[in-house]
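Below are two complexes that have chain A in common, paired first with chain B and then with chain C.
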Partner chain A sequence: MNPQAKLIFAISLLLGTTITISSNHWIMAWAGLEINTLAILPMISKSHHPRAIEAATKYFLVQAAASTLVLFSGMTNAWHTGQWDITQLTNPVSCLILTSAIAMKLGLVPFHFWFPEVLQGSPLTTGLLLSTTMKLPPMTLLYMTSHSLNPTSLTIMAILSVATGGWMGLNQTQIRKILAFSSISHLGWMVIIIIYNPKLTLLNFYLYTLMTATTFLTLNSMKALKLSTLMTAWTKTPPLNAMLLLTLLSLAGLPPLTGFLPKWMIIQELTKQDMATAATAMSLLSLLGLFFYLRLAYCTTITLPPHTTNHMKLWHTKKPTSIMIAILTTMSTALLPASPLIITII
Partner chain B sequence: MMEFVLFLGLCFVLGGLAVASNPSPYYGVLGLVVAAVAGCGWLVSLGVPFVSLVLVMVYLGGMLVVFVYSVSLAAEPYPEAWMSWGVIGYGFGMGLVVVVGIVVGGVLGLLVDVGTVNSVGLLSVRSDFSGVAMLYSEGVGLLLIGGWGLLLTLFVVLELVRGLSRGAIRAV
Partner chain C sequence: MDLPLALNTFMTLSLITLTTPILLTLLSGSLKDAPTTITNTVKTSFLISLIPMTIHIYSGMESLTSVWEWKFIMNFKIPISLKMDFYSLTFFPIALFVSWSILQFATWYMASDPHITKFFTLLLLFLIAMLILVTANNLFVLFIGWEGVGIMSFLLISWWHGRAEANTAALQAVTYNRVGDLGLILCMAWLASTMNTWEIQQLPSTHQTPTLPLLGLILAATGKSAQFGLHPWLPAAMEGPTPVSALLHSSTMVVAGIFLLIRTHPLLSTNQTALTLCLCLGALTTLFAATCALTQNDIKKIIAFSTSSQLGLMMVTIGLNLPELAFLHISTHAFFKAMLFLCSGSIIHNLNGEQDIRKMGGLQKMLPTTTSCLTIGNLALMGTPFLAGFYSKDQILESLNTSYLNTWALTLTLLATSFTAVYTIRMTVLVQTGFVRIQPLTPMNENNPAVTSPITRLALGSITAGFLLTSFMIPTKTPPTTMPLSIKMTALMVTALGIALALEISKMTQTLTLKKQAPLSNFSISLGYFNPLTHRLSSTMLLNSGQNIASHLIDLSWYKKLGPEGLADLQLTASKTATSIHSGLTKAYLGSFALSIIILLMSMH
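Let's turn to the complex of A and B:
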């Protein structure tokens, strides 16, 4: 892509995100969401492959519909209450429309159908942006309006999201689709706690961003897009594959890795709020996700002895070390002992 | 007067139906024109004729004209036509249901208001073009963001359609 065009799209992504997360007027929130949607479209369709174009089309249609619903919710609230403040959402119709709009933006069940295909059709770095940066504005809107939204619908969407993310990821061989379902599952964990303790939602989101960024960047350096490629990619950078094992287990939420911290805090808060059944259901449904994380981890670390193969196998190419992957990997596996510090900061 | 406003609303929805069910872009554009004119009429009934005129000028006189020119450059010799009467039948049926629902539901009074102090007539300070003046003075941040969004749309579209047959819009 033209470097100047790439600069404009990158600046617009930052601008749109900043506008939405710093807004207190519905029009500004909507403008930021629209700028984000537009700016990422050429990044998704960069390769001009038909699958990428289809992914860009699906992304645009879903996100434009969701932005329209956000705008309608803000406008209906302004019509009935006379003010445009995001935290003062009082009209019940507006709250319902906004819940479905945020669910469409994030990829919560039952509005998740676009997410795996969009992630599969985009390159790995754009997939990273879609999973992390594009989720920050809707998550911020959810955080700001969490006290006005219907708790029942949020809880049902959250539990269904964890279930769908776990079950649908089981039969996948394409890594980007697996990461899409892992994202849906993590979003379920984020949404279930938002009515009781919204800070835990943000904690879960930040740690999920960390772990997902590590995974995407590691896969990008190994250029592994499906399980079969992942099996033979250990020869390029063996230590990176070992760390990818730990990062994937951290995404699954296993102690003593970082990914355990948000799940632990959320289960604790749910139990305190007399929602032990929901906590049990979420934990059991996350076991489904653990299976495909384990399968991914198995594929990354399996080491075969040197033997004759009938396809070309790569071996120890001179790859420059990436300091970003090193920092992110360390943070996404070793942050659990610092959990009191993290909980105080967030 | 109320019935005319309701008829405008019906035309808006029917125009949207025509856009969505078009067999070829030329008929979709006709639906867009109907929907835009009906929307402008609705805006006049709400008491903001300046915004309505701006919409007509920019949308119909600018964007639609450019669209028609580019479509006529890529014209096909034998376009499809609206062959099925089912679409028109559905449109009438839906319009009838909506109008009956609104009349029976009793929300007729909410749709058309009596003209308030600054929304009708030729006063010097009116809600619609004073609002536009405010957009350029107090609301300059939103103006700049809106302008950036439109410029970004231009770059996005140019990036998405560049490449002729090797680009995004290619016969696969």
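Let's turn to the complex of A and C:
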């Protein structure tokens, strides 16, 4: 792509995110969301093949609808209460519509249908942006309006998200779709605790961003888009494959790795709030996710008997070592001992 | 003279004499000329056993000998004791007489067998076991004898073990006997736990006995004496050699079940349910066996079914609460049934192995002694006046007609009596009279005394035994003294009717052709369809239920389906359903979004 165009899109992305994060007027929030939508569209459809165009179209339609709903909820609230403050959302209809709008923006069940297809149609780096940066504004809005959202619908949506993410992810062979459903699962975990302790939502989001970024960047360096490619990629960078195993297990939430921290804190908080059934349901449904993470991990670190490989191992790897991947991998696997520090900071 | 001492001594001497050949073989190696030795041993034993019987007839003395006491646990003693009362003292000479004749016959019949020594030893062992059973005073010793005769029956039926039918017949015998043994063990267990004894003297006879142990006893008798329900083994047991059929399956082993009921009669007499059960079971058996015998073509099978029918009649007598009459019938039946089997054995060997009566005929002129004795035996079986069978059978039928009982049982028994006459006459006519249907070159002779003397001896017994036995038997229950003439003549009339019918029908078969398929004759020929139904059904059900429980229920259901596999299947279903919802159509997605929002608004507002 044209470097100037890339620059404009990147700056617009930053601008949109910043506007929404720092807004306290509904119009500003909406404007930021719209700028984000428009800025990422060309990045999705960078390669002009039909799948990418379709992904871009779907993304635009859904996000436009969601932004409209955000605007309408703010407007209805202003009509009824006379003020446009984001934190002062009191009209019940507005609250409900805002819940569904944010769900649509984020990709919570039952508003998640667009997410896997959009992620599948976009290149890996754009996919990373979609999973992390594009979730930041809606997450901020969620955080700011958490007291005025409907708890029941949020809980239902959260548990359904974890379930859908688990079951759907089992039946995929394309890695981007698997990561989309993993994202939906994690969103479920984030949303269930927003009513009781919003800080934990943010903690979960940050750590999720960390781990997803690691995964996406690792896959990008391996250029692995499907499971079959992943199985033969170990010959190129064997240590990176081994680290990918740990990163995936961290995404799954296995104890000595970082991904365990948010789940642990959320389960603790839910139990304290007398929501033990919900906590049990979420944990059991996350096991489904564990299965496909393990499948991915097995494909990356497939152990073969000592025999001639299917293709030559490249011993002059021209790939430069990426500092970013190194740092992110370390952080996404080894942060658990520092959990008191992290919880205090966030 | 010290009579009790003499009684005990001679009885035990008689028993010990029987064990002599076996002990000699154990001590010194092989036995020279085993058949003759064993035959002479049994003859000696018979002569010795006449003395205690005479003592009993003379003085009415009975005795009870305790040999050794096994202190099982503190309160439960099992004495190994022999009871010499009327039943055992009378049965001993009769059984030994019949066995002597059979063994003498077997020296000719099994002369060409390479393992004749083993055969005679097995027969001797059987005889010892049977006599232990008869003289047992408690159920423990009786059980020893009971199992002994069962095992011997198994070994002897499968004597020609190269033949598959013989093996299956032996297995049938053992299985059906085992089912009966369950009943005996049940009764023994009940007795041990409630009466704390297995002695026959200590069985209660005053108050009402519970039905459970009696059911056990009746089950034991059903198994051993081939009553209906556990009867298929008796016709199948004809696979064994004729001496085996004569000794075991006509005179001695099969009456063991009836003998058990006679011994434990005090228990039975108070429980009307058990008595009625015996009555009806016996009546059913006798009619069923007689029906099956009508269409049999194998001479040994006809006699086997005849045995089964007479056993049913004995069971009916038990049901009438007349144990002594049953014993009388056992004794008289032993004579003529053994003789019938020996005659059939002589015929079979002379015809070079032919057992089908359709291929015999006109043997009267060729085997005069055998066929005359066959006729005597058949007449005795039918209950011809003043032959052996008359004394017991006619008394039974008179008591049946004059007692207050189940009309159905009465009808069945009378019908079976006429059927007895029918099949007996059929057999006689087809074997002895008419045109000769045997192979052209069949050299046959009766010159060997080993053939003729046992048969004639038993014929003498068949004629006189009834008279002799009733002379010195004192009935403890009053026999019916007066009855209308028609009732008195019922047995005779029914038998005569059967004879006439059989003769007429036999004449008809020589002129008319038989109908192809008739349901009644099919029923009789296939032995009531009992064998295929029960044998196949029981094993299929057992194996099926075994597979269901072990393999399907436990392995498949509990360990797999309700565990990991079932869970995995559930997740698979959920995953597939969820995947099919994600169709990829934007309109569907947006529509679902709109629907979700509407539902949300509707429900939460």
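A few remarks follow.
In this text, the second predicted complex is superposed on the first by the 332 of 346 C-alpha atoms of A that agree within 3 Å, B and C clash if a C-alpha of one lies under 4 Å from a C-alpha of the other, contacts with A are read in each partner's own complex, and residues count from 1 in each chain.
Quick note on the criterion: contacts are C-beta pairs under 8 Å (C-beta built on N, C-alpha and C of every residue); 3 or more make two chains touch, one makes a residue touch a chain.
Worth saying up front: this structure is predicted, and the values here are computed from it rather than measured.
Partners chain B and chain C, brought together by superposition on chain A, fit side by side with no clash. Once chain A of one complex is fitted onto chain A of the other, the partner contacts of A:27 are limited to chain B, with no touch recorded for chain C.
By the touch criterion stated above, A:168 is placed in contact with chain C alone, chain B being left untouched.
One geometric descriptor of the composite model is the angle centred on chain A: between the Cα centres of chain B and chain C it reads 120 degrees, in steps of 10.
Contact with neither chain B nor chain C is seen for A:84 once the two complexes are overlaid on the shared chain. In the superposed model, A:5 makes contact with chain B only, not with chain C.
Contact with chain C, but none with chain B, is seen for A:288 once the two complexes are overlaid on the shared chain.
Of the two partner chains placed by the overlay, only chain B lies in contact with A:50; chain C stays clear of it. When the two structures are aligned on the shared chain, A:206 is found in touch with neither chain B nor chain C. By the touch criterion defined above, A:72 reaches neither chain B nor chain C.
For chain A, the partner that touches more of its residues is C, with chain B and chain C as the two candidates. The least CA distance from chain B to chain C in the superposed model is 12 Å. If you check the complex, the residues on chain C that touch chain A are 571, 574-576, 578-579, 582, 584, 586, 588-590, 592-593, 596-597, 600-601, 604-605. Chain B makes touch with chain A in their complex at residues 142, 145-146, 148-149, 152-153, 155-156, 158-160, 163, 166-168, 170, 172. Residue ranges on chain A touching chain C, taken from their complex, read 57-58, 61-62, 65, 69, 92-93, 96-97, 99-100, 104, 110-111, 113-114, 116-117, 150, 152-153, 164, 167-168, 170-171, 288.
By the touch rule above, chain A contacts chain B in their complex via residues 1-2, 5, 8-9, 12, 15, 19, 27-28, 31, 34-35, 38-39, 41-42, 45, 48, 50, 53, 56.
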